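Labels for the chains are A, B, C, D, E and F, by order of writing; each one numbers its residues from 1.
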Amino acid sequence: MSTLFILNQPELLDDCITVMQPDDALLLIENAVVIATKSSTTQYKMFVLKDDLIARGLFESIHDQSTAIDFSKFVELTLAYDKSVSWL
Amino acid sequence: MKSICFIFNKPPYGDHKGRELLDICLMSAAFDMPITVIFKSQGVYQLLQNQQPDVISVKNHSATFKALDLYGVENILVESESLLEHNLKMEQLLPIAEAVSQDVVKHQIASSDFVIGL
Amino acid sequence: MVTANPYTAQGQYTALRFANEVINKGHQLKRIFFYADGVLIASRLNCPPSDEINLTKAWAKLAIEKDVELTVCVTAALKRGIVNQAEADRNALTGENLDPAFEISGLGQLTEAMLESDKLITFG
Amino acid sequence: MVTANPYTAQGQYTALRFANEVINKGHQLKRIFFYADGVLIASRLNCPPSDEINLTKAWAKLAIEKDVELTVCVTAALKRGIVNQAEADRNALTGENLDPAFEISGLGQLTEAMLESDKLITFG
Amino acid sequence: MKSICFIFNKPPYGDHKGRELLDICLMSAAFDMPITVIFKSQGVYQLLQNQQPDVISVKNHSATFKALDLYGVENILVESESLLEHNLKMEQLLPIAEAVSQDVVKHQIASSDFVIGL
Amino acid sequence: MSTLFILNQPELLDDCITVMQPDDALLLIENAVVIATKSSTTQYKMFVLKDDLIARGLFESIHDQSTAIDFSKFVELTLAYDKSVSWL
């Protein structure tokens, strides 16, 4: 089964990645969007909530490994993956 | 029946999260859902023996962990890599959990219908 | 499930936007279950600055207009001072503060909703 | 200063023990200033399980027996639904929940206390 | 007069801490206390230009940061090591802070009478 | 001036250490007491709140680089150092 991991605290990234499988994706929301400005070595698909980027002045700084999405796409992602896990 | 996996990843007593996650776990067991409980990262401290939270006026929930099997929760796992990271040995923990590798943890999370942490 | 502290975390707002979008897309949203610090949202005494959004009222609007159940866990609520008249009487408390759009109930409501739904999304 | 969420953090309890020890040792404790999520402690509706400590009442006991001021920041309190009758009237809220041992006041009380004291210890 | 140092070390808007720390800062300035403001670790994101938190229904406190000098707060420092760690340049920040080394930050904290973070 | 740094979240240890001076001390309380079980390379004096260790079953596991203290000593430390800083 594929999983959408939802992360809202940047400091939990490393911990979250330890449980991810190749087909899983990571969605960065709230304060965790700051992660999207850095290049990463993770092989996972990475989505970022657009409004949280704009709020923090980071929309222009996003790294091209990440895809900015709106709430409509957020809902679609939770349907496209078998389940969603908020990594708290 | 849908399966559910609980992730304990924080030390006890600094907040109420361990206790409140355990409450969901017990309720799900009462509904006969197949349950996996995972202790990972700093959550491994939840299982330490000889906890005495009465000295800080908090209720000890170790006894509830020990009673999980009475509720039919038998799949209780602790991540070996986390034990190593926090310099803990299985002998220091309540004898209710099985040590498994990170790969097993990953597989359990992937194969459950719901995954809940707090 | 919403466990986010309304003030210390942004999760209540994110959950609200997400819930509205789910309904706009025509999906069925059975229940919002408030747990842990998330129950703090259910106090009608919450009074944010006038130039900021009142999240309690925003949830209430969603509940009334779109017929979504807002369920607050009784155990989590009582220790955090979120009570209705019945709980106040039962626990000898002088006063109550539950917003009428929210309903206090047990943790079983979460498990029951999980069994009946395809998806559970947690906002913490 | 106490900024700890009474439920998500242990800081309220640590602060209480520390405050009692300060007084036992004969030092003067001018004021406990509750700020941020720390203001949540001031609701008299907080009702922890009967086998656990009621921190709101424990603070109230300290205030009454040892004559310590328990001051709650009004801005932080209002948005978190902690109100007395005067604030309820001013903001058109139906009800109030402030425990009578606590006093609602402004942030200036913190700064003033800092200027008059040798030490400020924060529990977050 | 006693001096006070404020440490901003978290990103904005995920919580109310930045806003609530700023409020203490303004109040202390009104009492004419000598103030140092330090942005460190993830707190450097507080100073980013072009923040638009209205899209998430939160009030923008950038304007208040910009007004700090009107309140007599002139010693506003951002830690260079933190900028580097988060891949940010001074040009991306509000032009109100001076970049300083970790040693300067350390010294400012050591020499203040009170130090407050949230 | 000497400073007593008070830490209650173990994950903030590295951040806290970056601002410490040689004469400063670190006091671990609440969840941060778990740090006291590990050997560390920090040169700072390290105190640990005893009741928080006992609560978590860690009193026997404390590393000998740390000193367990009670609340009486906690109050004395805040007086012995010029100021106390809670690293949050």
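Keep this in mind: contacts are C-beta pairs under 8 Å (C-beta built on N, C-alpha and C of every residue); 3 or more make two chains touch, one makes a residue touch a chain.
Every value quoted in this text rests on a predicted model; they were computed, and no experiment measured them.
Among the other chains, the CA centroid farthest from that of chain D is the one of A. For chain F, the chain whose average C-alpha position is most distant is C.
Of the two chain pairs examined here, D-F and A-B, the one linked by more C-beta pairs in contact is D-F. Once the centre of each chain is set as its mean CA position, chain A and chain F turn out to be 35 Å apart.
For the pair chain B and chain F, the distance between mean C-alpha positions equals 27 Å.
Work out the mean CA point of chain C and of chain E, and you get 34 Å between them.
Contact with two or more other chains is made by residues 13-17, 56, 58, 114, 118 of chain E. Contact of a single residue of chain D with at least two other chains is seen at positions 3, 7-10, 36, 49, 120, 122, 124.
With touch defined as above, residues shared between interfaces to two or more other chains in chain A number as follows: 8, 30-31, 51-52, 83, 86, 88. Taken together, the chains touch in the following pairs: A-B, A-C, A-E, B-C, B-D, B-F, C-D, C-E, D-E, D-F, E-F. Put simply, chain D touches chain E in their complex at residues 1, 3, 35-36, 75-76, 107-108, 110-112, 114-115, 120, 122, 124. Chain F makes touch with chain D in their complex at residues 6, 8, 29-31, 49, 51-52, 71-72, 74-75, 78-79, 83-84, 86, 88. Residues of chain B that touch chain A in their complex: 9, 40-41, 81, 102, 105-106, 109-115, 117-118. Listed in rising order, the residues of chain B touching chain C in the complex are 2, 4, 16-17, 20, 23-24, 27-28, 30-31, 33, 114, 116, 118.
In the complex of the two chains, the chain D residues touching chain B come out as 7-10, 13, 49, 51-53.
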